[in-house]
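Before I ask anything, here is the structure I am working with.
Here the chain labels run A, B, C and D in written order, and each chain numbers its own residues starting at 1.
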Amino acid sequence: MNFGVIGYGYWGPNVVRNLTTLEGSQVLMIADLSAAARQRAQRAYPSIHVTADPQDVVKSTKIDAVAVISPVWTHYELTKAALLNGKHVFVEKPFTSSAAQGEELIQLAESRNLKIMVDHTFLFTGAVKKISQLVDEGALGKLYYYDSTRVNLGLLQHDVNVLWDLAPHDLSIMDYIIKEDPEAVVATGEKHLNDFEDVAYMTLYFPGKTIAHINVNWLSPVKVRMTLIGGEKRMVVWNDLVADEKVRVYDRGVETTTQEGVYNLLVNYRSGDMYAPRLEQVEALQQELKYFNHCITTGQDPINDGRAGLRVVRMLEAASESLSKRGALVRL
Amino acid sequence: MNFGVIGYGYWGPNVVRNLTTLEGSQVLMIADLSAAARQRAQRAYPSIHVTADPQDVVKSTKIDAVAVISPVWTHYELTKAALLNGKHVFVEKPFTSSAAQGEELIQLAESRNLKIMVDHTFLFTGAVKKISQLVDEGALGKLYYYDSTRVNLGLLQHDVNVLWDLAPHDLSIMDYIIKEDPEAVVATGEKHLNDFEDVAYMTLYFPGKTIAHINVNWLSPVKVRMTLIGGEKRMVVWNDLVADEKVRVYDRGVETTTQEGVYNLLVNYRSGDMYAPRLEQVEALQQELKYFNHCITTGQDPINDGRAGLRVVRMLEAASESLSKRGALVRL
Amino acid sequence: MNFGVIGYGYWGPNVVRNLTTLEGSQVLMIADLSAAARQRAQRAYPSIHVTADPQDVVKSTKIDAVAVISPVWTHYELTKAALLNGKHVFVEKPFTSSAAQGEELIQLAESRNLKIMVDHTFLFTGAVKKISQLVDEGALGKLYYYDSTRVNLGLLQHDVNVLWDLAPHDLSIMDYIIKEDPEAVVATGEKHLNDFEDVAYMTLYFPGKTIAHINVNWLSPVKVRMTLIGGEKRMVVWNDLVADEKVRVYDRGVETTTQEGVYNLLVNYRSGDMYAPRLEQVEALQQELKYFNHCITTGQDPINDGRAGLRVVRMLEAASESLSKRGALVRL
Amino acid sequence: MNFGVIGYGYWGPNVVRNLTTLEGSQVLMIADLSAAARQRAQRAYPSIHVTADPQDVVKSTKIDAVAVISPVWTHYELTKAALLNGKHVFVEKPFTSSAAQGEELIQLAESRNLKIMVDHTFLFTGAVKKISQLVDEGALGKLYYYDSTRVNLGLLQHDVNVLWDLAPHDLSIMDYIIKEDPEAVVATGEKHLNDFEDVAYMTLYFPGKTIAHINVNWLSPVKVRMTLIGGEKRMVVWNDLVADEKVRVYDRGVETTTQEGVYNLLVNYRSGDMYAPRLEQVEALQQELKYFNHCITTGQDPINDGRAGLRVVRMLEAASESLSKRGALVRL
């Protein structure tokens, strides 16, 4: 599989490094508008053709698939150009700036029998795989809530608000784990520094009474990556910042009793052991790119295909609308 | 100062213990509807008169002040009876079940020159005192956000939702620290076990762009008591569950630059030292009750008077309304 | 069972509180040399006879058992007096100041059919019970090492070195868990403030290649209570300072392989799940005193009898000798 | 500066990567006995000459300096060959297998005016630089103790015991920070798996009453990298495994009082604020290699020269002797 990579900023070098070491794939071309980025790319990979013009990549006849690792507002245009030139596309998250763009790209890809994979990297981590497996096996029972905090000091994006920058991680993970579509969104937040919200909170209502909440913040003095998932039978705490025991499963839950009385509690709590399952130790991006190759070869639709990317974009769009109306409920 | 205490359940024994050891105050009577509670009280304090009837307390001519440590739905009636009988009142938080009740009680107390103190215990901890001092001194600069998480397994109250049970702590602390009134509230949440929300999220908008957020949850496998306060100059992380260094002050902040460009960040981040100030080691409830005696004696209005209690009740009422409308903005 | 308690300083009040609430036991007398301590005792327990003279306690004909909760250098004399007056004795750890004293007291108690219990409180905690159970069941396999760190700022004792003050906890736990007698001791340390070592390290060699190590320190800025226990099959980390999951069991171990070569590792490491068993939530001292009553009534020898206390004293004596010889091996 | 690198196993690739990106230095040759290692090296650096024979490196006339990144038992022979061929040498720690070897190499280097740098990488971390600065400024006051724990599951070396594998880190840091030579060593430990101790404890006595202790263990289920340094005025806790605030400085200490009495404490404890200074964020190895180039160019003796390496080897030799005598004091 011959790859072209557009964008060699923060994440692009990781994509190139993984593609070059992946059995059966190679990178033929790297494009970046920044001269400094091109210099870094050329020094690290003397044998790869480096260019300022993304058109060189999308039009190259030697290239089978393009990785679009550029700012979100360029995704639509670059992905479209790549698809029109018959390339499969691996595109950074969030998929597009709007649901309409995403729909158009999905249709285009399907009509040309091309694959889109959106880079929802976390789905390929040992932690998310394990949590998803626990949910699928019913180990947690009915899901009560999904509550994620993703805060740190400093923004990575300056052309979108903190929801579009940080929440795609949580939304793609939530979408993968819960396997039900939320029906409505409420988002609140505030702008302190410029025209984009730097602190935001998002609630998602699901039909089956699961509730999800996402707390994202660019102005936190400390970095937090913590997700709590509450189920009827068991509960999970996922702390992505610790070296070991990232995922902890608590044998804790709730049992409602039928006997009722004004002064009697209707609810009992169970508290048992906790265990931290051993997680697969893999580089998630390596696995994801290998899987992309596999999907192209076999024709299989990726779990993180354009439709998965579109679902996340729809939630972000709805959240932005709610945010601008200070928390008004927006149905999905 | 002679005290009567109504309610000897979970918190009542702490109030009695502190009042009995406090210089210049004594407990003459304890009332509780539960025979088991009365038995415990009598065994622990053989010399105190224990009764089933709260009327014995409010009508006793020997008693100067009554502590109402009973469920929230009884606060209005018991406080009113005590005030009508000329007693000062120390009442558990939240102050009342409605703002209207709170207003009536405040008026009644003022007309009779009696003091109401609402048990916002946290205001008397070393942690809150230190944070408040830092904010007042301007050490944090302009406040960006106040973000608190208060979750655990198990409910303490079965007649109110999780907001009315857990958020009064956060709202009273926030009210004390921020010293500005929020203008509107958005609340979301879900009921899983009975008719009361067990998971809830609350956003408060302030006129000056400070935003507050409170995450409360009775269904969390782990206990979290974490508050992040972000300011322009410095930021605070308060973790109330650690034995030492509960309050950490980060010399981190944001500097906006005037030079702008499409690809240039508008914002710079500063990251300096962190320090954990030594905190006063006191029992907060002891300090609070001492201060109550002091306020009665001197006629001073407590910082946690009926008006402070009322402000918290108004936020809770607004939050409940927003909750029932799935996040609709409710102005205060 | 009628108790007399000698010593109402730091730990005495806990012993009195537990004895008074224990079914079937009561405290008739408290002795302390300090007037302030006597005043505190009398105020808290108006109905108990409080005295300055321990002889009042040991000679009282109404008292069945005496709790000796005084400094270590008084244990021998007070315990002997109590035994000579026909009382059972519950005595603070370490049992005595020397092995010779301990031997004499054990003989005296046996000759008069009286029970001695040494207050090795930790044996009655949920954590130590669980660890001991895991070891007994063979869950850890052959034990490789027992490594404990017990450091903090501040000394509780000023008449003994840090080994005699802090290590009795570790030695009594180790003695209970390992169920094998160490054969030799090496101790190192240093005096910085007065004539007693304030920092000390102790290694104990066991016949079966288990090695134990204890790190005690009065000059640590942070409090640490951490024990690592390594076994062939599983390993335990016990952190006594965390609220939850104090005991963590790691499914990690070592497998030696028979194939050897200069460049081949002889050893493989296994790394599996971790789990934190739910621990019994009890007040250890309450359980211990209940068990003392039970042992007196039934004639059963306590697990923490005089012999257990003597084993700990022997290790301390040997350690002190090694310490004074700067690490010389002292056989037990 | 033209480099040759001998050894491309675990650490070698880091040395090569840093040398190739360092301004003014390049790697001309890499030698490794393992065909797999040579293949990895050649794939990563197509333009570097890769060889199986270290003699190619030491004898190359184009090479100015040799990095010896091979097992400890090869250090003497390879370093000697490099020096005899007029190369400066950067050699992995521990410097040599014996003090005699180290002395010979130092003399050889001095006689030929060549530099030896021993890879005590930690001296170039932000953490050690900050701690050393605090000690030098007198911020900690007189040093009471240096206590380090370095444990994990798994051995990196199979031809030496755990002291020679892990303790060189601690000894080189301690040597750099304390700036006084220890006068005697006591070491204890045990072999469980093969002929080398896998658990070991080391005490170092200093003339001025500072005491150092090092706890190293290959059989720990958890990784710990924790150093406590106690001074009269302040105390430091360095946890190298946390992402932020690795170094914490506690304004805690001890004040001895002159008034003495049998029942009065002779010692008072101070407990003030804690602060975590911002640390330099650099790759230590990058700084160290830059400094090596600087020392060669300017003729300056590195802080981590052969003499520093020799001091560490002497302590390891003494510790091994003590270990074999089960804790006997060995003078340095």
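Please note the rule applied: contacts are C-beta pairs under 8 Å (C-beta built on N, C-alpha and C of every residue); 3 or more make two chains touch, one makes a residue touch a chain.
The structure presented is a predicted model; accordingly, all values stated were derived computationally and were not measured.
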Fill in the blank from the handout: Every chain in contact with both chain A and chain C is listed here as B, D
Handout entry: Longest centre-to-centre distance from chain B, chain (CA-based)
Key = D
Practice task
Report, in whole Å, the distance between the mean C-alpha point of chain B and the mean C-alpha point of chain D.
Solution key: 53
Exercise for the section: Measure off the straight-line distance from the CA centroid of chain B to the CA centroid of chain C, and report it in whole Å. Expected result: 41
Practice task
Scan chain C for residues touching two or more other chains and write them down.
Solution key: 222, 244, 271, 274
Completion exercise
Residue set of chain D touching chain B in the complex reads 244-245, 251, 271-278
Completion exercise
So, in the complex, the side of chain D touching chain C is made of residues 144-145, 147, 149, 151, 153-155, 158, 184, 186, 188-194, 198-199, 201, 203, 205, 209-211, 213, 215, 217, 219-222, 228, 230, 235-237, 250, 252, 254, 256, 265-267, 269, 271, 274, 322, 325-329
Practice task
In the complex, go through chain D and note every residue touching chain A.
Solution key: 222-223, 241, 243-244
